[in-house]
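Heads up, the next two complexes both have chain A, just with different partners, chain B and then chain C.
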Partner chain A sequence: MIKFLILILGIVFAGTPYNQKKVLVLSDNPAVYVSHSQFFNLLSKTYRVDYKNIQSNTFNLQLFGEWQYDHLVLFSTTNDLKVSIQELLDFYDSGRNILLLGSTDQSKYFRKFLNSFGLDMHEYGSSVIDYFNNIKGNHNIVTTTNVNILKVDKPVAHQGAGLAMTPYETFQVYGLVRGSETAFSGSNLSHNIIYVGATQGRNNARFVSTGSWEILSDEYLNNSNLGNFELTQEIIRWGFGQSKILKAENLIHRRLDSDDIKPYNYRLREDCYFSIDIFEWDYQKDQWIPYVSTENDVILEFVMLDPYYRVPLKKGQGAKYELSFKIPDVYGVFQFKINYLKPGYTFLKIAEKITVRPFRHDEYGRYLVQAYPYYFSSFGTMAGFVVFLIAFLLNK
Partner chain B sequence: MSSEEETQQSLSYKVHKSTLKWAPVFNMTILLSIAIISCLIRVFSVIRYESIIHEFDPWFNYRTTQYLVKEGPYALWNWYDSESWYPLGRSVGGTVYPGLMMTSGMIYWVLHKLSIPIDIRNVCVFLAPIFSAFTSLAAYGMTKEITKRSEAGLLSALFVAIVPSYMSRSVAGSYDNEGVSIFALVFTFYTFLKTVNTGSILWGVYTALAFFYMVASWGGYAFIINIIPIFVLFLLITGRSNQRIQVAYNVFYILGTLLAMQIPFVGFQALHSSEHMASHAVFLLINFLNFFSWIRNFVSKKAIITLTKFLVVFLVFSILVGVVILTLAGKTQWSGRSLTLLDPTYAKKYIPIIASVSEHQATTWSSFFFDLHYLILFSPVGLYYCYYKPTETKIFGALYTVLGVYFASVMVRLLLVLAPAVSIMAGIGISWAFRKFAKSVRSFILPKIEKPKKYRIPPEISIIGLVLLGYYCSIYVLHANFAGSEAYASPSIILSSRDRQGNRNIIDDYREAYYWLRMNTRADDKIMSWWDYGYQITGMSNRTVLVDNNTWNNTHIATVGMAMASSEEDAFEICEKLDVDYVLVIFGGILNYSGDDINKFLWMVRIGGGVYPHIKEEDYYGKGTYRVDQYATETMTNSLMYRLSYYRFDEVQTAYGQPKGYDTVRQAVIGVKGYKLRHFEEAFTSENWIVRIFKRKQRENRDGVAFTSKQTSQFTIPKESSPVTKFSKKANIKQRFTLNFNE
Partner chain C sequence: MSDTKFVDENSLIGIAASFWQQYSTKTPQKLKIMDAFSLYCFILVIIQLFYCTLVGDFPRNSFLSGIFAAAGAMIINICLRKQLNPETKYMEISNERAFWEYLAAMIVLFLTVINFLG
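Showing the complex of A and B:
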């Protein structure tokens, strides 16, 4: 009976893996539970949420070497924390996600923390000002439609500090919500003001930081003219690894005219066929669906020290991306490489090693036209030798 | 009195008589014992250590032989080895001299057909000693062809059998090309001299076949294909050429060149490489002269002179033009090693990779003496004897010796080619001296048989001379015995040391580490090490390496050199690009093992700098010398090689009375202590720290992302907001929210 119950429980829990993910909300200010009730509602719809005071000893990120939570939400401006920056970074580097809500009076602790993700807060106390895109003429409440990666149709309102990026933009760091052209902040007059920034680690862990708490507050979420509600949904989905998750599987390479998958080696100048299935996670249907890239940007490299081919794969049936090509006239250990580093998506790094061998001794062409003089001369010499021998012997 | 004298005379006469009768039996018995001795003296390495493949190159030969035995000769011919020279790979079939492997493969197959289940490793280990026995037999034959005397042949056979130079490459386990090809070399010369002596085409064919075996087994065949034309040219110039020489050379050249082309590694090089040019030229010349002397029978004397002038000018001009055109068009070029032979300073100037190999260094006097011992004293006697009453074969022997001396003094490894020549010359010389002394003694004892002559050496001096010669010969034997049992018996992958009680300690770090690699890494992991250890890693660990002892691609080796000489960050980038999983360094700082990577490091810098000019040798010299202590330059101490070799070295005490981190090889305390590695982690260090293996870490999760901004580093809370207390700050936020709600 107990076994049966455990089995049932097991089935129930196994069937809903995403519902079981645990989120820890750390805050030093109880007021956020009032001001951001909508956000927390959205969060608790899909996750089991623990609310803890960041300054207390009541929580453990890690217990006996096991991480206790899958995702982390940080609402804090304090310097006085019970967790070290390194512990938070370790949490992230282990493949878990973090959402950090910034503030104009953000502490040095969190500024340092933000720097670890290639993002930077504007000066203490500064806030973004926009004289053209704002709500009701209040230039401190700015709006923008410049939303990347996330799907938000309406303008997004923002109030408070802005973020800046690293001096060198990488494929890992990007602005999810950027300020409009006319926005500026304090002494920072660049157009590159970010309201919501994101970093994706090489292990595909995601980090989202907003410039201010207010962008996710009930005030804007309740306003149906603004896109902040959708934005919040999208941030939770993207930031906690539900949307834009890719996986690649079923890598196949073979000779074009053979069904022998993944042969031991190829000969140079053979025709080769390569295909791979790429799926995207559909959080609505809870299943993997074929990933369709609209930009023809899934690129296959055929590399030995340097790429010999760098060609976009063609979209085939279903999730299949495929290409057939002629192996170059060079032997060596080659690799099929796909480095799909599209911002916002899971990074796909695929490398498959194959050996390209030279011709075998009996694979070269024979009786070539160019070789006829040689055949003629060698057979001629043999014939001449026989004739000479006969003449020599008869003369004696 | 007279009767007593008569009986004495008759006794010695009888002895003399029966000795002459039994001489052939003595001859064969002695020869056989020499062959057996030459085998046995080389087995010391197996007795002292174990039946194991030695050194570096033999490991590749061993691996290739295993492949041959398993897959067959065609598979070997087409073998494309993706485990070495990653990611370039190596087409083994076309870049290997298969003679050695085919020989042991044959032995293996024959023995297995005879139901003798021998392990291929043992065939490989004992191949060289067996072939050294053949070499001594061939040397006997060759000396006999030169002098027509079997006693000279026996002495030569003995000298060749135990000459330390040859022994260094043919002890049991030293499974290298030289092991069989020295036999092939001497045997080719023997058959060639036989042809010269007899003028038989059949022996000429044998010469070509022996030459074919030589081409199949060693690149040193170039020596034969050059010395025989030089010999023929010498005879032509001195007017000693005759019909027999023509037969011998033409048969050898035509068949030999055709056969050489059958070896895939040689192929068409036999036609257009510079090493073969002399043979082509002499072939043309000898036949042209022949043709010319035939024409002379039909043409008047006046016409002959004009014809000669015309032909000589034409010939010289066309050869000159031909050489210039071929060289300019790049159809023929001198390989770096050949150029080094002609100009000993060439490699040092242009090809550091050749100069870096210890066996390519110029030979020192001490190694001359250690490897040849008294033979270099006695060989001039033989040389003198050869020039004293020259015949064609004696001239050949003398030429071989003289050229051999030149080549041997340019490169250490070519002492090996000289060793048979010197042995044969010493054999001839000593037997000549013996004969002279013996004759005088004999004329004293048996005046009836040996008629006393006036110019004979006095018998007292003869006896002293005989004793002295015997003494020197036995000293030579003792020295050879020492060399065989001590100096050249070490397999170099197993080291040994003696403690104060005289007990032998075996230091087995190499095999320990290679075994660790074999058992603890994934099958397709790539190991980066300096090229010296490439063959051993592929052979013993069965893992992929980037570079190995077949130094065919200088750029790839230079890339590895650059990685070792770069800082950890740069090296990590290079390693990532080359898919390196582990880095292996050899470190002797604890055990005072001087052949380690820090000592080889300058060559890595030089070779790396030869291709990548940003690596500069002088950056690695602190205070003008190469050093690792506190005065070492930053480039040196930051280099990957330094970092990996000395990682956590400062935590151990290596020598009594010295501080921690004292390097016993460099005799200095290391300059940088207590550092951490960022991109590499220590995976394995062998018992005596000789082999250290480091694993390349994955790139950090946020590598290249994290930074510290000006805002953060200069973060201060502005004056006006600093008085805000924690409590009021909270209130402030709350207030702001309420305000917003009200709007």
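Showing the complex of A and C:
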């Protein structure tokens, strides 16, 4: 009876807010709750939001070793946070996501925190200026259409300082919204200015940081000519782990002509078949759908200290990516490796070990044409020996 | 000796000619048959080495067994020849015993060769 009640309660509460993830919003300025009301509306639709003041003592990120929140939204201030940078980095290391809304006058604490993620804030009091792509001639409010990874159609407005990063994007740090070609800020030029930067750690936790608060504030979100509303939705989805999440499972390797999955060992020069299912999370349908990679770029490596093969997998039916190839003429312990580091998607790192044995004593080729002289000479000596015996023994 | 010599003794051709003359007159028939067999095996070794430098020794087992068949037969033959010649006999064994040992060695050699031929 009790079990039945618990079951019913479980079913009832499965879809309710009690199952949603918790987001902690920390800010210093109560005016933020008014000026960013749309942003918080969007957040509350899918998450349980806790609003706390940065300086208050009433919240704990960690309680008895367990993290109390799943994601974190930080509004930067001129003061330091009660929580140490190391604890925030531990929060990130545990796989939880952080969204940092910066401002040009944020304290050194936040600048140092930003540096841990490969991004850097412009100097105090600076702001991005663009005389060509701006709103209503106000060259401080700049727009850009240079948006990567997120899907935003209209130009995005930004006001305030920008972020900086190395000029090229690594597989972990990207600029989601970059400045247009005519933007500059102090001595930084357009290709170095980032309005919204992101870092995805090796544990697939995501960190998004904007250069200023205003990019997510109501006055831009309500403006239907601008893409800020879509940008906010996309940032919430991507930054908190709902879109572009990949999952790989069902790894199969077998000999091409047999059905035993994952045999004990392979032999040199055998045909081998490898397949894996890759799924992507679809937040609209709330399920895993097959991942379609447009550029044929899921690459399989067949490695023993050096890669012997590095071939893209072919897309099969459904979510299957498969390949059949011939094992090389070398024996040893090999690994099937997939190292899929596409910007914006979670990292897929898969390694599966197999052994390849040399030929057995009776598996070598027989009666090779190349060895005919040796066969002839061996039997030739025996024939010659017989002839010799006859001649020797019958001689007087 | 009062044999007439038509060739100069000290040149290379002279040495070869006098060797050949001594060999064909002095050695008994049986030893000549054994020498013929040894020469045959030696030629086989040369042919196989020549083939190996041309094409390479890919089936290594077959290469080794072919060479060892010919070279081993030659060596065992030479051992028997030494035993049968009273000047070069090196152990106090009768001729028949030497011959049985020769047969045993050849059988072992051929068994090994057939096993290793691959």
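Everything that follows uses one rule, which is that the second predicted complex is superposed on the first by the 379 of 396 C-alpha atoms of A that agree within 3 Å, B and C clash if a C-alpha of one lies under 4 Å from a C-alpha of the other, contacts with A are read in each partner's own complex, and residues count from 1 in each chain.
Assume a contact is a pair of C-beta atoms (placed from the backbone, for glycine too) under 8 Å apart; a residue touches a chain by one contact, two chains touch by 3 or more.
In this text, all values refer to a predicted model and were calculated from it rather than measured experimentally.
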Overlay on chain A: chain C relative to chain B, clash or fit: clash
First (chain B), second (chain C), both or neither touched by A:45: neither
First, second, both or neither for A:151, with chain B first and chain C second: neither
Chain A residues touched - chain C or chain B, whichever exceeds: B
Contacts of A:349 with chain B and chain C, given as first, second, both or neither: neither
Contacts of A:360 with chain B and chain C, given as first, second, both or neither: first
Contacts of A:392 with chain B and chain C, given as first, second, both or neither: second
Which of chain B and chain C A:375 touches, first, second, both or neither: second
Among 3-11, 291-299 or 471-479 on chain B, the segment whose C-alpha atoms clash with chain C after superposition: 291-299
Contacts on chain A seen with chain B and repeated with chain C across the two complexes: none
Contact set on chain C toward chain A in their complex: 29-30, 33-34, 36-37, 40-41, 44, 47-48, 51, 55, 58-59, 62-63, 65-67, 69-70, 73, 77, 106, 110, 113-114, 117-118
Contact footprint of chain A on chain B as seen in their complex: 74, 77-78, 80, 82, 86-89, 91, 93-94, 264, 524, 577-578, 698-709, 711-712, 715-718, 721, 724, 726, 729-730, 733-734, 737, 740-741, 743
Residue ranges of chain A in contact with chain B within the complex: 29, 31, 35, 77-78, 89, 92-93, 103, 105, 108, 111-112, 114-118, 120-125, 136, 138, 159, 164, 166-167, 170, 172-173, 199, 201-203, 205, 213-214, 217, 219, 265, 304-305, 331-335, 353, 355, 357-358, 360-361
In the complex, chain A residues that touch chain C: 364-366, 368, 370-371, 373-375, 377-378, 380-382, 384-385, 388, 391-392, 395-396
